[in-house]
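Here it is: the structure, laid out below.
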Amino acid sequence: MSEVVKSRPGAERDQGREIVKAYRTMLAARVLEEKLAALYRGGKIKGGVFLGRGQEALSVAVGQNLRPGDIFAPLIRDQAGRMAFGDTILDTLRTYLGSSLGSMRGRDGNIHRGRPREGYYAMISHLGAMIPVVTGGLLARRLQGQSGVVGATCIGDGGTSTGAFHEGLNAAAVEKLPLVVVVANNQYAYSTPNSRQFACADLLDKAIGYGVTGHKVDGTSLADCLRVIGVAITAARAGGGPQLIVGDLLRLVGHGEHDDASYVDPTLRRKPVGQDCIELAGAYIIQQGWASAEQLANWREELETEVDATAGRVMREPEPDPADEDWSALSTRELEDHFA
Amino acid sequence: MSITYLEAIREAQAKALADDPRVFIYGQDVGTFGGAFKATKNLAKEFPGRVIDSPISEDAIVGMAIGAAIEGARPIVEMQFADFSTVGFNQIVNQAATLYYRTGVSCPIVVRLPSGGTAGSGPFHSQSMEAIYAHYPGLVVLTPATVEDAYSMLLEAIAIEDPVIFCEHKFLYYHLKAESLPAEAQPIGKARIARPGRDLTIVTYGAMVHESLAAAEEIAADGFEIEVVDLRSIKPLDTDTVLASVARTGRLLCVGEAWPWGGVCAEVIARVTAEGFGLLDAPPMRLNAKDTPVPYHPALWGTHRPTASAVAASARQLLEI
Amino acid sequence: MSEVVKSRPGAERDQGREIVKAYRTMLAARVLEEKLAALYRGGKIKGGVFLGRGQEALSVAVGQNLRPGDIFAPLIRDQAGRMAFGDTILDTLRTYLGSSLGSMRGRDGNIHRGRPREGYYAMISHLGAMIPVVTGGLLARRLQGQSGVVGATCIGDGGTSTGAFHEGLNAAAVEKLPLVVVVANNQYAYSTPNSRQFACADLLDKAIGYGVTGHKVDGTSLADCLRVIGVAITAARAGGGPQLIVGDLLRLVGHGEHDDASYVDPTLRRKPVGQDCIELAGAYIIQQGWASAEQLANWREELETEVDATAGRVMREPEPDPADEDWSALSTRELEDHFA
Amino acid sequence: MSITYLEAIREAQAKALADDPRVFIYGQDVGTFGGAFKATKNLAKEFPGRVIDSPISEDAIVGMAIGAAIEGARPIVEMQFADFSTVGFNQIVNQAATLYYRTGVSCPIVVRLPSGGTAGSGPFHSQSMEAIYAHYPGLVVLTPATVEDAYSMLLEAIAIEDPVIFCEHKFLYYHLKAESLPAEAQPIGKARIARPGRDLTIVTYGAMVHESLAAAEEIAADGFEIEVVDLRSIKPLDTDTVLASVARTGRLLCVGEAWPWGGVCAEVIARVTAEGFGLLDAPPMRLNAKDTPVPYHPALWGTHRPTASAVAASARQLLEI
């Protein structure tokens, strides 16, 4: 498919711009997550911290290929994709640190954030559960007469074992909705290796059983991710029905920051799948002459400054005050139940 | 003209589809077939593309309704039987019920649960799950007992911005008839005095309203006047109307078709004794189904569930204290 | 594979015996179900009646290929398979009619019957739910050191859309357990045609996505069913892991006896898939000279007599008496809860 | 030696595996990794082949446990968090809970639910689902509040022929310590007087036992003696012990960490007022979590759940009536 891209005049320049843009988003995610890890170690974050180190290329490629008006339901390790879709350093920090000014107002935290009315759905913890939700969002858009809209969501290798994954993808396939499901096959679900999670030779083998198009992508290669996910999203947008993408990569960090990932097979780290997508992307950018090593270092430094400053600002923001809460789970206040 | 409880449900959906372009229906066999109970009969033809057959995937059905609601639609989903909503349970209680609290975006879905026992339906086509859903914050749980309420409460449910669990009772589907559909109705959240009385209050809902009314009628022959309160909505629960009734009668019997542990009866008694302890002249009492799965054989089922005569026996016992 | 069978001396005679045996079981199921339908129309059965007309060949092939000690969890339309596995006309009638002497003692009815301790699991209504249960039964057998045991269960085209199907089959595949899942692809789930149920070209396409062996079978051909399911069960028994069998056929009756199946596409009835497996099997038996048309008619007559007599007997049996029930859902009586 | 609540759970499983060859453990990451909370630490090594990692498939996990139980095994399944048991809900309430009643074959499985709130865990890692499971006939629901009970009740749970929902409280995992493991224990189904008193009875369970004990201690300074009843098992629920306590004190406060509607508190109040109405000198009272999802931020969470000071405030209020 890369031929298609290269055949346009200026395509190579476009590709460079696209890759550099994605790289800077990946870097922002990486730098921000490093800060989150530091804040976690410093006891500043009360709940867990779950990072996407090693998965930035796959994730950013989803967010960057989507358009405003599309739907995106990211998962645990999608800091890069979230930012490409419009999430900010500020709101991420606010949510992790529980600022009352964050989108979740301290009611939910960390990765459980979003702005559903802007197409940016807020995941619940239950794996697989966002797949039918995005499917339903797309169904509503179709009923409203909208076309050309895509809904994307991410899931892990482990998440493919859930009934929700199965029911949601199947229902989307029956309706031929423009759903794009991106599987980050990072070899483990918490401590559980793929060999204990599924028995198919490749997760891509699932595509045919749902009657959807499957795409394989090297999750360590930013260029490959941008290209393949671009193709998939374009196909969905054009009416090709659901697309299943499987990206192979390795989680380069613990399941959460409490976890040392000692169960990871060390040989995997030395295999191609174990490479760091950011390092590879940086080297590629330098090699292609799209930016210099100094520029890359500058970008990182700028991001570190911004992240540090934002974290400082957020830490001075007010905590949610229980007395200000109206403690209602219903938007229709008259229907609230009252307990003596 | 005469209209059944089931037809009222169909008519409410027809009206909602006609009046509000955001409304659509999703569920197994709801399309051309018109649903297992025919609650969506002819709707697919009358509203092309808006009454959609789903695969056998309750988790996806509810999940999709939630996504559609986020995008501004008003989905009504039909579970083929309430009992199968256990498969969509996670989406109902963890996704739909939490969405507004977490994100500030409301989740206007209606989940229709054909509920309750009928003869010969057995353990998996007879369940009453209202207490399960009422336990969760973020859900409105309705239990219409009349043709009028089936109609007006379903219409109101579709209009509500929050997720509604609509427990329609299968036992009433064909039995119950009304002359016409109501133009106006009591708002959701208000209980109804189904029969006024002064000696004892029966608080109940769903099919048990009719067993309780029959019991009240039976006992009237003894010279006792039983007041029957139909809760209509079990969450929110109209404690005020119940308290006012107990203030009049001094005696409280709660009747529920569901299992006792943590059910509507327990909740009503907890409220009345906490807020109206001094109103009671006798201990509150409850009558529920027996604490086993719902049996298949009608002879067992008739003992498992409270019937008019069981309600009457409990009421007589309470009147004697 | 039929060559394998035929290469043994006497194989053809064996095959004849096997087919005739299966045919007689199918016939018993058919005759019994006709009686159930009549009883239903006569208002003698309080609940629903769900028949397997047209699915007897596929179903009987499962029951007949299993051995004592195996596990079988049949579904709605498996009267033939149940009888091949040891269920009786008597217990079927007792369960439908709610006799207190039936295996379910009036507590559950119709198709929800079994004797779990004898490997004959009693389905719950929730479709797909028996798949993990059989899987777990097989896991326990393995932990107990038993080998050579097979567990089989049936499901409909519609049932493949359930999360339980997905989770159960996947878990069985991970454990490489001898699970045999037989999909009766009868073109409809209640009124819902396959086109509204799944989007894969063939349900068999699902096998590869679970990493299990797939088998296709003509559900109208008894010989094909016996052979293919025999092969699958043998493979599972030999350690080949889960087997997924898809049998194509048509439900020749309503979803339940209340249903006239008017939604069934009439052209399907005229296609090969719409043939009646019992008629085909009877004709085949006559053609092969394994029995005469008179014998077939005699068998049917004998069965009708037996079924009628048994129904008469069961209708005189006692109903369950609520007063005799101890109304406990726990086997540990001391742990029963007491409500005032 | 000192042993935590969490270690007691590990030790009970180790003992069960050692003593009974039918026992095995199935769940996500329970094998070599030892579980998300390390409740199965080293067990896979000590008992090869009997501590088995599952896929992320709660429905299959429970379903498989049921099948294994039918075949004579004694499976213990671990949910990574109680909140995820919603995905295995159907198998628990419709398959496990009905098996014995329907077929006469018992279903000895234990479902371990790491339950309850801890700071910063938010809406989906904090839930208390005991009332949901207790509503269903056919399940035993346990809520150990001490290290000793965590150990002995889990051992007993594994021995019981029926399905047990074992609600272990995450807030107690590391906090709570005991000197040693008990050799003997009260049987399941019996509540425990955690602190004797004469002025007011607090009925509670799980982590709230400790908040209530702290409240009782605080109020003791005012000269009031509060009796704290730890239910231990919420189904069956030991009404007799509760009634005997209320007979001594005349006042009942029920404290639960779960949501109020149809929760343990409602059930306890329904029983006490039905069976011991005359024992009460004041209206019964309950204190539960607020009726919203469990919030993430510790400042909100601390208000959402009952704390010692909230319990003390409620108790003081009730003492003044």
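Every chain is named by a letter (A, B, C and D) in the order it is written, and numbering of its residues begins at 1.
Heads up, the rule we're going with is that contacts are C-beta pairs under 8 Å (C-beta built on N, C-alpha and C of every residue); 3 or more make two chains touch, one makes a residue touch a chain.
Quantities reported herein were computed from a predicted structural model and do not represent experimental measurements.
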Most widely separated chain from subunit C, with each centre as the mean of CA atoms: A
Centre distance in Å when subunit A and subunit C are each reduced to the mean of their C-alpha atoms: 45
Intercentroid distance (Cα basis), subunit B paired with subunit A, Å: 41
Separation of mean Cα positions, subunit D and subunit A [Å, integer]: 36
Two or more partner chains touched - positions in subunit D: 54-55, 57, 59, 83, 86-87, 90, 94, 97-98, 101-102, 123-124, 137-138, 235, 237, 261, 274-275, 285-286, 290-293
Sequence positions of subunit A contacting 2 or more other chains: 104, 107-108, 112, 124-126, 161-164, 167, 170-171, 174, 196-198, 328-329, 336-337, 339-340
Touch-based graph of the chains, sorted into line, ring, star, complete or other: complete
Touching residues on subunit C, where the partner in the complex is subunit D: 71, 103-105, 107-108, 112, 114-117, 121-122, 124-126, 129, 131-141, 143-144, 163-164, 167-168, 170-171, 174, 328-332, 334-340
Interface residues, subunit B side, partner subunit A - complex: 24, 49-50, 52, 54-55, 57-73, 75, 90-91, 94-95, 97-106, 137-138, 140, 160-162, 188-189, 235-237, 239, 271, 274-275
Interfacial residue positions of subunit B with respect to subunit D in the complex: 83, 86-87, 89-90, 93-94, 97-98, 101-102, 123-124, 131-132, 134-138, 235, 237, 258-259, 261-267, 269-270, 273-275, 277-278, 280, 282-286, 290-293
Residues of subunit C defined as touching subunit B within the complex: 45-48, 98, 104, 106-110, 112, 124-127, 158-159, 161-164, 189-192, 196-198, 263, 319-322, 325, 327-329, 336-337, 339-340
Parts of subunit C lying in touch with subunit A, wherever the complex brings them together: 161-167, 170-171, 173-174, 176, 195-201, 205-212, 241
